[in-house]
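Look at the two complexes coming up: chain A is in both, with chain B in one and chain C in the other.
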Partner chain A sequence: MTEPNPSAPLLSVRDLHVSFQTDDGLIEAVRGVSFDLARGETLGIVGESGSGKSVTNLALMGVIPTPPGRIDQGKANFDGHDLLAMSQSRLMAIRGRRIGMIFQDPMTALNPLMTIGQQLTEVTRRHLGLSPTAADRRAAEMLEMVGISSPGERLGDYPHEFSGGMRQRVMIAMALSCEPDILIADEPTTALDVTIQAQILELLAELQQRRGTSIILVTHDLGVVAGVCDRVLVMYAGRVVEQATVGDLFAAHRHPYTLGLLQSLPRLDRDQSTRLDAIAGQPPDMARIPSGCSFRPRCPVAMERCETDSPPLRELGPGHASACWHDDAAAAKRAAANADSPSEADR
Partner chain B sequence: MRHLLGYAIRRFGWMLLTLWIVYTVSFVLMRSVPGNPFSSERTVPPAIERQLRARYNLDAPPIRQYFDYAIGIVTRGDLGWCLRLEDYSVNQVLAEGFPVSASLAIFGLVFAIALGIPAGVISAVRRGSLADLSMMTAAVLGIAVPNFVLASIVILLFVFMLPLFPAAGWGTLAQIVLPAFCLGAPVAAYIARLTRAGMLEVLSREHVRTAYAKGLSNRAVILKHVLPGAMLPVVSYLGPATAGVLTGSLVLEKIFAIPGMGSHFINAALQRDYTLAMGMVLTYTVLLFLMNSIVDISYAVIDPRVKLQ
Partner chain C sequence: MTDQPILRVENLKVHFPFSRGGFWRPETGVVRAVDDVSFEIAAGETLGLVGESGCGKSTTARAIVGLVKPTAGTVTLDGTVINGLSEAALRPHRRVVQMVFQDPFASLNPRMTVGSIIGEPLRIHGLARGRDLKLEVLRLLDLVGLNPRFLNRYPHEFSGGQRQRIGIARALAVEPKLILCDEPVSALDVSIQAQIINLLMDLQQRLGLSYLFIAHDLAVIRHIATRVGVMYLGRIVELARAAELYANPTHPYTEALMSAVPIPDPVESAKRSRIVLQGEVPSPDREYPGCALADRCWLVQDRCRTDRPVLRTGTGVTADPNPSSPHQAACWVRQGE
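Our next item is the complex of A and B:
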């Protein structure tokens, strides 16, 4: 949508590690994630359930539940300051004001005991210092913008009086009401039906164009990625296994896991998008991540080396990196050949 | 508001029905246990007993008594003469004793809420800290120690060793402190535990994460987004707590020589004072009904998903 500006990333995450102490043992949910987010860019994060997409973003917002969670390591440079090391009061000034977040589940992300109006005005009163009436006006404006009809009257309603899609719109209105520089949207459309999904994505794209907001969009849906993202991180078992522009992701992907994801993409003649579940085998038990390459047990092209050494994320070209020992030309060609014909492959 | 009016009308109807049932059951029970108001230590000559029975309408057939007494209550609000307290009407006894017992109960409850809720909140927010551990230990003790034992302890401590408060009597604020404390302590302990558990439960909900992500201060999140939800179990508990405080006060009034309903309650039952016992049973029924209605309304005010039934 807007061109990325690689010279001055707005957000720069380096070597983020997050773990949870559970009954099952220590879960390393995020194991060394690094990425940059440019101004006005939309960065997609894809990967199967449990790959650490949400945890990565929760860590950036400073809302990992502690205990059991812990940020073990990492930096997240936002506008010259490390989000992970700053004081609580500084972080408070950034959250909701400069970085807004839309949570994964709209049914539980709103406070059931407060009206939508109270929940919306809370943000603008705190960050923009609006008076109660100004905040109400602003809240109604925001609701109108996300397509909720007769917004003035709905301010007094409680979340249970809204449908899932409407709640998600309220969440979006809330996250955007202070016009943040970064919007983190964690599967903003997963809980919604297809038409509302489309409307909400359109809404995000429109807002982005109007305000130049950077967006981190977590999704299971590669169709969505193709439609709205500039760049994509593919995550597996707490790591980034491939990072590419949207064009490269579809045309020149290098990691076997990415290939698997693409092959599980619903075909064009079916208009339904389904969850990515077509790769053989299960995502690893995060308490017992396999040694070497964590994708190895499910990888169709695993070699001996993959059992012992964990492949680092290696730069393959501008804006393209992959974490696989197979990044020789032959593997690339094979992968490319497979990817070119996913829609004709099984008929 | 229309909800509320409908609710009040329905509740009132239920209360009348309940009162009628309570009246009937009490009436039957009191007359079916052996003995009567005049069969005590001193035997009354038969002639006098006849006279007494006539005066108190006890010579009428029971069904007659049942209706006559009920009609008196409904039309004149008259609960009749006490059978065992000379020259006292039940209304007089209630008018004198009930405000005393009720204020003691209210002080006890207010104290319990004022102590229990902050203690629970602090315990939950500083979970695992020394403050949490000591307050929750105190809460276990508060629940386990019977109030007459607690009363002996506080009298020993704050009347004899450290003479801050008078030992007994009624009328000044200083005299209310110790009995209200003893009355409220187990309730405070229970409220503290409910508050703590409720806070921890709400703290783990996702909307609290949203509140933090909005950049609200810790204080604002705790007070606005966590505390109200954590209060729901506490509010529910206030109905039973009121009953507990009312019965607890019967014992404490005895210990602290407080002229409330306590001694009357016991005497009325032991001496078969039909009218006084009935008056008190009906009064306490109304009181508990009112308290439970307040609880229901508060619950619905806090949680908009709840509809008043």
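Our next item is the complex of A and C:
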């Protein structure tokens, strides 16, 4: 397991559970999440507020506030080491160095009292042991790489002197300045306008191609997913409900929640004057997760079994898995139909 | 449908003076948040206003209802010019137009019950009291799809989508003809966003409402709007029926904006080419004698920097088959002569 193997996943998360003690009682924010991240891959994690997509990544970075939060269970194997079992000091050597992170709001993630240059050089001096002059040179290079003009002069500027898009570029420069193996980007473009969003996404794709960085992209925007991701996890109420390649997710999705998300989107590329197919009901209250399948109260095809048993995530094909009892029913029907006539295969 | 538009905005300007630079080197100037904007909204119609942050779309709405004072221009609401009216003279007209805000967490008073939030406009305008008031509030709750049991609950007990329904019920209480919706769905999750869009469209059909619908999401605007105005740096740069605008975007800014929107389809997404505008949206504290986009536009000519293009139809703008809502753009290059 500690042997370096180029075909093995760079990061392998197994059965992650995270909970928070709140006034409302114990909230299980992440309830058994598993996934692999390959080298050079972009993995999208989509889901609505409260689905556990951000908490999953905070847990990997070791920044869950404890208490009230707690990692109850799970492993996250990164290059032969379990991130979740690591001491803070060892984790600090990895965080920022081999795993970089970009947050949604660049204004709160940057220190307003430090210049951009100070913040950029802090990372490389600490992790790479660069001298002050070398760190300055590196900081200017990084700013130039993310498309900030006259980078040498801008190193002395404070975050408030940059626009939102520029600050996000600074965050990316900072996250990439130690050439990490993994970049975790949590809604990196949500606070930005579409034209700036497009610039930032292009920048990430370009950097990934040049350096082979793996990216975990947390987003609620299925358009962003379609544009940049290789594989996607769909999360609902703390669990992965579907996992697929980006092609399968849009063309051959299986979980009713994934279908609901796609149908509820107004489309720029289609004329539709009809009503949107909204998913009924409200997002789950994580303090009162329904029994059985957590999507059941909003699911148009829920059956009796969904009320009592929670469906496991099961493989449907290569790289494609879904957690829905209907896949069971569909598989049984298919088997029965195949016995009579081979044509009735799809649901 | 009468010929008289429910809302007519003519040459609206909202300029905010500012001073900065400290005591020793004071610097004063003017931010041109809304700079000469004109449009009409017909009865039963939805006009979408779309643009990036700082383009002036929200300020336009706030100026219409008097939350900010227009620097110049006239706002005619249902046949009455309302800007310049005294508070007392304005009150009856306030019933004609209501607002729904973006943030369903900030726009509801946390200390008031749902019943008193929705009932307040009815009391203020003297439309109902006592038992009638309660019945009316219950009717409104039902209208927006909320359970009557919620009457005595407080806003914090609701999710974002439910709060937005409360905000819509409050706006409907005084039976307005026009509702200004300022990013009403952008704070909501995708599945809930669709519910609220459906609700707004149902209500429009049932009650014959007109909407000014402000959003930065071009897909949402396409779905809900009859006509669309695209704003950039305080100006409307293109105005057309929705179907026409999305089929034939004419202004370079509209084109660039549309090409930047991610399409939720990996196949389509790979086929698209994106038009990249140079740099970022500049600050509106400068005066632009010509076209506001001139510094970033790939079609720019000398004239664009000196003369301001007016919003009009032209040879380069596709003619809309519907003559009552012509396709207009403000671009010297695309309009031809």
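In the analysis below, the second predicted complex is superposed on the first by the 309 of 347 C-alpha atoms of A that agree within 3 Å, B and C clash if a C-alpha of one lies under 4 Å from a C-alpha of the other, contacts with A are read in each partner's own complex, and residues count from 1 in each chain.
FYI, a contact is a pair of C-beta atoms (placed from the backbone, for glycine too) under 8 Å apart; a residue touches a chain by one contact, two chains touch by 3 or more.
Everything numeric here is computed off the predicted structure, so don't read it as measured data.
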Partner chain in contact with A:Val246 - chain B first, chain C second, else both or neither: second
Chain B versus chain C as contact partner of A:Met145, first or second or both or neither: neither
Touching partner for A:Val225 - first (chain B), second (chain C), both, neither: second
Partner chain in contact with A:Thr195 - chain B first, chain C second, else both or neither: second
Chain C versus chain B, contacts on chain A by residue: C
First (chain B), second (chain C), both or neither touched by A:Gly62: first
Which of chain B and chain C A:Arg95 touches, first, second, both or neither: first
Complex interface listing, chain A residues touching chain B: 58, 61-63, 65, 88, 92-97, 100-101, 103, 105, 108-114, 122-123, 126-127, 158, 160, 171, 174
In the complex, chain B residues that touch chain A: 204-207, 209-218, 220, 224-225, 228-229, 302-305
In the complex, chain C residues that touch chain A: 52-53, 159-162, 189-195, 197-198, 201, 216-220, 222-224, 243, 246, 256-258, 260-269, 274, 276-277, 280-281
Of all residues in chain A, those that touch chain C in their complex: 48-49, 163, 165-166, 193-199, 201-202, 220-227, 246-247, 250-251, 260-262, 264-269, 271-272, 275-280, 282-283, 298
